[in-house]
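The same chain A turns up in both complexes below, where it pairs with chain B and then with chain C.
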Partner chain A sequence: MTIVLFGLYSAALYAIGGVGFTLQFGVTNVLNLAYGSLITSSIFVEYYLTGHSTNLWLAMLVGGAAGTVLSFVVGFVVVGAFVRRGAAGFSIAMVTIGISLMIQYTLEAIQGPVVNAYASSNRSTLLSVAGVNLDSQQVTAILVAVVLMVVVHLVLRLTKLGLAMRATADDVSLTRVSGVSPARVRALAWLVSGALCGVCGVLLGIGIGTFDAAIGNDFFITAAAAAIAGGVGKPYGAMLGALVVGIITQASSAIISPAFSSISAWVLLVAFLILRPQGIFATYAAEREIVA
Partner chain B sequence: MSQSTVYYLSGLGILFVINLVAVWGLDLHFGFAGVNSFAFIVFQAVGAYITGVFSLSRANTPVTFETYILGVHWPWPLALLLGGIAGAVLAVPVGWIAVRRLRGDYQAMAMLVLALIANSLIAAETGWFNGATGLESVPQPFGNLNVSLYDYHWVFLALAAVCGIVSWWIARGIARSPLGRSMRALRESESALAALGRDPNRLRTIALVAGGFLGGLSGGLLIQYVQAWGPASWLYAETFLFFTAIIIGGRGNLLGTALGTLLVPIGIVEVTRELPQFGYPGEFADFQWVAIGALMLVFLWFRPHGLIPERRRVFRPGGDDASSGQEASARALARGSQR
Partner chain C sequence: MAHGRPVPSLVAENIASGYGSGLVVRGVSLQAGPGEIVTIVGPNGSGKSTLLRTIAGLVPTAEGRILHNGADASRRSAEHRARAGMAYVPQEREVFASLTVRENLMMGGFGLSRKQLAAALERVYSTYSILGRLEKMYAGRLSGGERKTVAMARVMMASPDVVLLDEPTANLAPIPTAKLLQEDVPALASSGVAVLLVEQRAIQAITVSGWVYVLVAGKVEVEGSPEQIGDRRDVGAMFLGRGNPPTTVVPPVGATSE
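Let's look at the complex of A and B:
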């Protein structure tokens, strides 16, 4: 039961981060290895701008805004410039790694030799299920994740923007001849992805209580495991993947040792990348040339 | 020159050769065969660990609290060679990723995560290579030679130079052979190569094994020089030090990558240690990494074929148009035509 409940809490964070990652990847076709450093930056901005506030709503507003702006600058402006020059595949991976190194070590220089810590907030037990206590922060994170997932679903299904996003993810040239500007849709994808990344960042930072300049990287790789297991570019797959990864990380942490919590998810990621890069549900993977 | 200056310079020379061996190994992977070897640091790490546990004596756990496998205290040349071989052997399972028909960025990510897994696993398993603390007090080659600390640097530099020459011989041998030509063809277009009847997977595996041997060898040399090795010595980011050296110097060009090694791991990381430091300990290293990331972007944008570009090999009646060849290879790199 502990595993399931804490797995659910982990899954909430992985779902927000994973959907943000996969949405942007599906639309822009850019594997953003700097996503982790964007998560970290959002926490840093929130921490310094709000004076270490642990008010979740304020934090999500500030962190989400920071993530949105940074993701746009990094993704649409910088990476986009390389893409417009014709870079793809490996070169883009290299560019995003370069950006990631720059951001991570700038933050480390800002952070200094100490670990940043939030003042211990009021973390009274809010919910007690079968002897497992969840505090208000954890319950909020789960609720926020559910709401965000529903919003993402509604936007993708019901709005013109969502239709344009799904269309761009499927076929850029067909979308263009239908009168939709792919550049605008890509810009929006970077913005939305950044917002989700910022929200998930502050929930993660405040949830743990302490953070350093590397916090986003490990988390990102685990969230990417959720996204890839669910099938890249598919938000619903990422949600399901997040549940699986959330349970797996908690279970291996409880059963083997805490050190294996991330390792098991990463092994899952490598296994999916090698054996089934199109994810659990294979539909349009072949056309997107995931398997070249 | 004062004695300390000479000592410093000979130390730089040693580190240059060790890094050069690693960079040439990565160049075989990435520059020649076009494998996005984002896990390259693991080859160096394995070489270092294996050389370490073969040259150390059995751990006296109750006294030192160290635990590691083997500890057979074999002669150092054998331990060093085994380090290289360990890198070559590791290349076989890594090759399973490389031979799968994965998109370039997927391959890169799989390799990157592999490096993360390896590092976390070795840090978590204290019984293999002493966990997060790592190995220390590894015996040095010619350890019983009765020379001063200053003179010992020259001894080690000579040893490193021998390894450097062997690496040059291996890398240049492959680069100039028909095998190397096929590898470059593989990098540019796998389907064209396959159409000519070559086996891409065999070529990739050969490149990985040869490069893995050089990676392992550099790791073995490194642990024999610094005498210690732990998970903190091979974080995944270190791989990008070598990648930056290759991109700046000129991919697929042994001379260019040597220049890149002189500029990045030596010029930016080692020499700048002599500059006046500021801030807290480690702040300077942070800015070094920021500079490396920035250099990578600047070169990918302005000069993707590096300072000394690979000579374009063309077989065309009517002569060799070098300048357009350069542009073509630059475009190819920018496109990421390799997988």
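Let's look at the complex of A and C:
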């Protein structure tokens, strides 16, 4: 029960980050390995801009806005320039690694030798189930994740933007000959996924309480594992994948050792890639026709 | 060589195109007008699909011009041409497999207002009666014939004035093939659309056509009315029906270009 509850909290963060990542990849076809450093950047912006505020709503607003802008600049402007010149696949992934390192070293320079820490707010226990206490921050994160997932679902299913995103992810040429500009859809995908990335970042940073210039990287591996578990490019898969990964990483840190939790994320990632690169829910997703 | 052809809404003037540095289409001129079915036939790899992709704007025009309703479309993007009334159904991957049939149709009518969309849906549902039954299904799970129907209906959503069809009968059984070539395509044309059709089932397609171009190695080798093409034994033997040349043994007559 403990594992499930804490797993739920981890899953909330992985879901936000994983859905952002998978949506971005699905629509833009860019494997953005700088996603982790964009998560980190959002925390940095929030931390310095709000004067270390731990007010979650303010943080999500500022972090979300930062993520949106940074994602657009990195994805649409910089990576987009390479894509428009005809680069694809592996070379694009390399470009994003380069960007990721640049961001990380810049943030390290800004941070200096100290570890950034939020003043520990009085985190009152809000929910107490079976001896497990979830504080208000954690409960908020779970609720925010649920709301965001519902919003993503509604946007994908019911709006023209969602339709255009799913069409672009499916077939770019067919989208173009339908009179829809994929460039515009991609621009919007960078914005939306950036917002998710930023919100995820501040929830992560404030949740842990301290952070450095590498915080996003480990988290990104796990969020990517969640996205891959669900089949890359499939937002519903990423939501389910986040639950599985959240609970498994919590279980491994509870049963084996907390130090093992990020190792288990790596193991999961590699295992998914070897065993079911199309996603553990591929058959389920196909049967239920929830591929997005 | 007017032969009573309509005033063209689509004109290709000496166009050349290809992939990378190599040209596949080399100096093709053709035209199609309202109400006309214009068929392009030719051996595999002769550049028929590349020609249609060039006209649709998915492959850049290296040389020449494409005029759509008198305006030069050669440098326009594919999405711009689509919005200007040019529709294209590719040879493969002709539907959005991960979208439902209804969502495919909505993509076809993406630029329409809510009201226009409802009207367009009603129109294509009454033209293609099977759509109502299929609307909630994912297009990727349809049969080949159903997929072709959805693709046709999708492009009809936007009421185009030029429709490019690349082998719409590929992988179709004889009955749906006959329905498509003898009913759907002529119905499309008689609604005032200019249809540019690429077909392997040359004889069936030519029968319903107003004009035929024979494309060989990226060039128009022969063009003419169906009668003229059917009468040419050389064309029949070389390009039509894949080893089933027409049985007519009339000596060549009439206009051929080049």
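Following the convention adopted for this analysis, the second predicted complex is superposed on the first by the 279 of 292 C-alpha atoms of A that agree within 3 Å, B and C clash if a C-alpha of one lies under 4 Å from a C-alpha of the other, contacts with A are read in each partner's own complex, and residues count from 1 in each chain.
The definition used in the following text is that a contact is a pair of C-beta atoms (placed from the backbone, for glycine too) under 8 Å apart; a residue touches a chain by one contact, two chains touch by 3 or more.
For clarity, every value in this text was computed on a predicted model and none was experimentally measured.
Overlay on chain A: chain B and chain C fit together in the combined arrangement. Applying the stated contact rule after C-alpha superposition, one finds that A:266 touches chain B and leaves chain C untouched. Which of chain B and chain C touches more residues of chain A is settled by the count: it is B.
In the superposed model, A:101 makes contact with chain B only, not with chain C. Legend: residue contacts after superposition of the two complexes on their common chain; A:178 is shown touching chain C, with no touch to chain B. By the touch criterion stated above, A:166 is placed in contact with chain C alone, chain B being left untouched. Look at A:209: by the touch rule set out above, it reaches neither chain B nor chain C. For the overlaid pair of complexes, the smallest distance between C-alpha atoms of chain B and those of chain C rounds to 11 Å.
Common to the chain B and chain C contact sets on chain A are residues 289, 291-292. Residue ranges on chain A touching chain B, taken from their complex, read 31, 33, 78, 81-82, 85-95, 97-102, 104-106, 108-109, 112-113, 218, 221, 224, 257, 259-260, 262-263, 266-267, 269-270, 273-274, 277, 289-292. Residues of chain A that touch chain C in their complex: 160, 163-164, 166-167, 169-171, 173-181, 289, 291-292. Against chain A, the residues of chain C that register as touching in their complex are 56-58, 77-79, 81-83, 87-88, 90, 93-99, 103, 106-108, 110-111, 138, 154, 158.
Those residues of chain B lying in contact with chain A across their complex are 36, 38, 96-97, 100-110, 112-114, 116-117, 120-121, 123-124, 237, 240, 243, 247, 279-283, 286-287, 289-290, 292-294, 296-297, 300-301, 304, 331, 333-336, 338-339.
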